[in-house]
């Protein structure tokens, strides 16, 4: 491929070994990320969003979690087969991460200073002084007042929003090319959320950092992401530019997601409709469409055959996997017609509702 | 920090008062004449009269208690019934032995327990973990005196690797100045004797340290397993820190906290266990002394030893809490 | 599994001792210090008494004193803990400072002090062990109760105007008992070791013929070289029982209280 | 009477000769580690009343007269070169050795002896409770003491005057209690501090002035609760008996097993007493030697207090004597190193005769119980739970076996025990026990030491509270025997006394044991003595 993407994930499979059997956490996820692009990932809890991210940087919990297939390439360099030491050098400096809960993601017994400096010194041969200067710059950049004195503080002396700013500063400390932000604002107050998101967008834009933004908040995605992947049961089931996806969602699950959040844009008549049922148990290897049990649009075919991620209109042209012209794809045999999006459809009460 | 210590000291006051009341009551609930309990066989009517006067046995209880408290605070902790030696002087000659023994046991327990716990946590669920858990179960289930007897028989008598009794080779005829032989021998420049003292310490330390070892192993394992799954450890890894840095700085700095608390609580168990260990290993310490005192109905010695041991326990726990606070900034600034 | 096996072994030895013991534990019916043989599976002691029978009857003493002591400790400690945790305030303060006092004394020393003051004997031994463990139970129950005070269903019961006592007895206690039961099992292991320890220090039962493990161990110690099997059998009995209760306690902890699972 | 004393003097002369006989030349040097069953109690010889202290003190301070090594009855001169008794038996004149110096460099002379003996007479009231023997042997202090005065005749001659004649005087003066200590040191150590707080007396507690004598070893230090260290006195007056060893450390090792372990590992060179249970182990170890101490010098008995029923009934006491399986006890607990007691004193003591005591006979015991008419056969029975004694190596085991014997004939036993030093001895002495285990190791080889001092002599004119055994005829016989004019008279009176005791069976003597010691095979020149007077200056270590 001539236009190599910054990050290419292909058919990623992750399994967890537990006492109850293997959990199929990620089942063949593929996506690309171009430089400077922001990819949103949406989906319910436990659908494999975070696991995918951890798998990319090789931080799956050991020894239970394992990448069992697929590849992850950063600038064409295969990451899944790297030695731990090589992977370590990638982490933090080329791919950085921000986690959901700023309250627990910072080490409570270490000063902010130590946590920032160790990040820098882990990858750069710099003096402690230089690292400290850099740390102050970073804190200033994320809007921490009195950075010099705040460096001496411990995490518990910061508010949640401030802590997340520190996390962002830490993640951007080495100017990584990819930033993975895993629900960065979920744990924050709504008023703070906006500030932090704003900061994040500003800093990534300034630096041209490609970002994967994971959230279950579609509202956030609408404002932040260039493209959106919707995940369900360890797989991407719909993908497209943010505009495409929000305007014409095709997969029944995406539709469900959109209908289950309040619309702030003043559109009336849209009642809040929860998606009935629960995501499937990932212990059993999935057969057929994983959304089958909860799907109002299901057909018999869905029960036995797994739908592939294909362009929504059955187009035959080349599939664009990144950028503003990305092809809108969905994994569904019986996509939702645009007309039905607003109204929804009741869940059929017959046959196989529980699996 | 200073305020924290002061607050902890103030919190210890009611406990000390309660302890003094308990021990004050102890001698008075003993069957028979307190004069017999306190002066013993060699009592004379004059001595009894003097004692009554001194303790005010005819006064109301609260006044007697005040006297007891004043005496105790002024360092008068009573005297031995057997040889009339004042408690404190005799205690101080034996205390260094107990200090070395308990510290030896603690070093053994921490030095082996923490690495074992870390190893078990790293291999959690595996065969090594199972083995370590089994060993720690055994350690917590085997009484000090049974283990002591076994160690003496195996490593002392059969293999002749290590000495079985006492704190130092009696042939060395060494003049201890502080009574802490590890320090005394070093100061005297007697490296050979220092080694000898260490060799004498090994078996008793293992016997006494086995239960704390087992507990520390378990708590370290549990604590590391818990910390390993903390978000900040994932953060540390995601920053690309070396595994060693993650381990030492991020995991252990936090995992130490519960271990520290347990070490403090084990201080009491160590002092109690010293009583049995010293008996088994003919160790010249407070424990062996208090056993003799019990057999001889030397109540003032028993009473004051309990007081001092309780004080040590409180002080050690205060130190542990301060250490905990130093390790845990959240407490420090509260 | 192993734990259960040890417990069953220990408990059945204790309960069935009169039935399964091959000899009267007091009868001097063998020659002195016999090695294990078919007639005396564990050999005999200095006075020619059958060691197997004595070890079996010894289990009885450890079990009775141990269970008795832990039961008393549970009742005393439980009551104090319930009052402290259930009502709080000044009562709580007084009770907790009192337990602090007792906890500051090493438990074996406390037990020694009590036995010396009250005199030797099984009831005294039981009480001494009980007093040294009661404070732990009091603290534990109080802790659980305090945590439960903020539990939703307790708050709910309070808002509908249930009396404090009723809330304590009906809503809080049943939910706070689990850790107490687990702790009691673990303490049983320690109690067995402590009983033997007191026996080892010569503070065992008044009748020196009583087959108490610690007392027997001191006697056997002199024959460590000549008849090591005696020390091994008695020491083994103590260790196996303690392992049993420790394993049972761990097992209970894991099955009853997943929160405590570590 | 005269014969008796002349005998003693002859013995003394013989001893002098024996001392000159050639002994194999030992190897000088080395430190000997001696395990004692307990720590010493005092460093002031006058305040001593236990065998551990005595064992240490005898190496350091010396008496005017002593016992020949290995003997329990042969009096030999030590610091006195010779002695003679006046015709009325009241004055003993000691000719002192010249050129003897105390360890502090001061001279040993008549002044020193007078100082010490005046101290024995007028010990401060507050210290008298600590000095059991002096008061016991002389019947009190001051004007009550049988010691009237000690007078300096010249620099090397002292006359000691008694109030009434006492045939055991010389023998008692061999006790370590009557050792001569340096007066200078005693003053320095505040030995007679009139505040009489014994803790302020450094001479008694191991500080300044402690144990300053003339012996072959000098006191170095006492680590209370643990060990006592003495070192060679190179200036010892008896040039032929200057110690081979450089030093001795006496370690308190209460645990019998640890004494043998220590011998096996080389941490101990000499265990002063060992448990009979460990004899087999010691003989099996080729690096160790068992040391036999010859004849027995002790009696182990089942003690009884006649205040209590059914003990008060002589038939019951006789029945108890028939109920005991003596052979089993001796075989099991003494490993054969004991003999069945035939008397209340061991066979070697003067005038001791076989009293034909009851043997093991269950039927006879039952029959006597039936005849006694007693219906309540419950007895409170006590044993000490923290010691072993030479005559009673395993009190608990003996107690268990004896209890089983007694229950077999129909008694009901209430088992009791207490710690030795403050509890047991005090309580049995106060008459609180009905039946208990106790014995006596002889201090000197006179019948009075066993029958009178240890057992049945009246205290303050009345039966002792200990046994509450009232027999005025016996008390009179014993007192008369001590003051008897002729040997024949003494013999007759002592035999009468023994018959009286046998008839009443006040207690049940069980065994006379031969307490053994054990040592590393390298230990040479050790002369065991049943009285435990074992000077270690003659001992050497045959090791490179």
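List of remarks:
Order of writing sets the labels: A, B, C and D. Residues in every chain begin at 1.
FYI, contacts are C-beta pairs under 8 Å (C-beta built on N, C-alpha and C of every residue); 3 or more make two chains touch, one makes a residue touch a chain.
Just so we're clear, the structure is a prediction, and the values are computed from it rather than from any experiment.
Chain centroids computed from C-alpha atoms place B closest to the centre of all protein C-alpha atoms shown. Distances between chain centres, each the mean of the C-alpha atoms, put A farthest from chain B.
Measuring from the averaged C-alpha position of chain B to that of chain C gives a distance of 22 Å. Between the CA-based centres of chain A and chain C the separation comes to 54 Å, rounded to the whole angstrom. Averaging C-alpha coordinates per chain places the centre of chain A 92 Å away from that of chain D.
Each chain gets one centre point, the mean of its Cα atoms, and the points for chain B and chain D are 40 Å apart. Among all residues of chain A, none touch two or more other chains. Multi-chain contact residues, meaning those touching two or more other chains, occur in chain B at positions 157, 279, 294-295, 297.
Listed for chain C are residues 202, 221, 224-225, each touching two or more other chains.
Of all possible chain pairs, the ones that touch are A-B, B-C, B-D, C-D.
Listed in rising order, the residues of chain B touching chain D in the complex are 40-42, 44, 46, 79, 81-86, 89-90, 93-94, 152, 156-157, 160, 163-166, 169-171, 173, 175, 279-282, 284, 288-289, 292, 294-298. The touching residues of chain B, when paired with chain C in their complex, are 14-15, 18-19, 22, 26, 29-31, 137-138, 140-146, 149-150, 153, 157, 222, 225-226, 268-269, 271-273, 275-276, 279, 290-291, 294-295, 297, 299, 302, 305-306, 309-310, 313-314. Across the complex, chain B is touched by residues 97-98, 100-110, 112-113, 116-117, 119, 189, 193, 196-197, 200-203, 214, 217, 221, 224-225, 228, 231, 235, 238-239, 242-243, 246-247, 250, 262 of chain C.
Of all the residues in chain D, the ones that touch chain C in their complex are 255-257, 260-261, 275, 277-278, 280-281, 331-333, 383, 385-386, 394, 396-397, 399-401, 403-404, 415-417, 419.
The residues of chain C lying in touch with chain D in their complex are 26, 28, 32, 46-47, 120, 202, 206-209, 219, 221-226.
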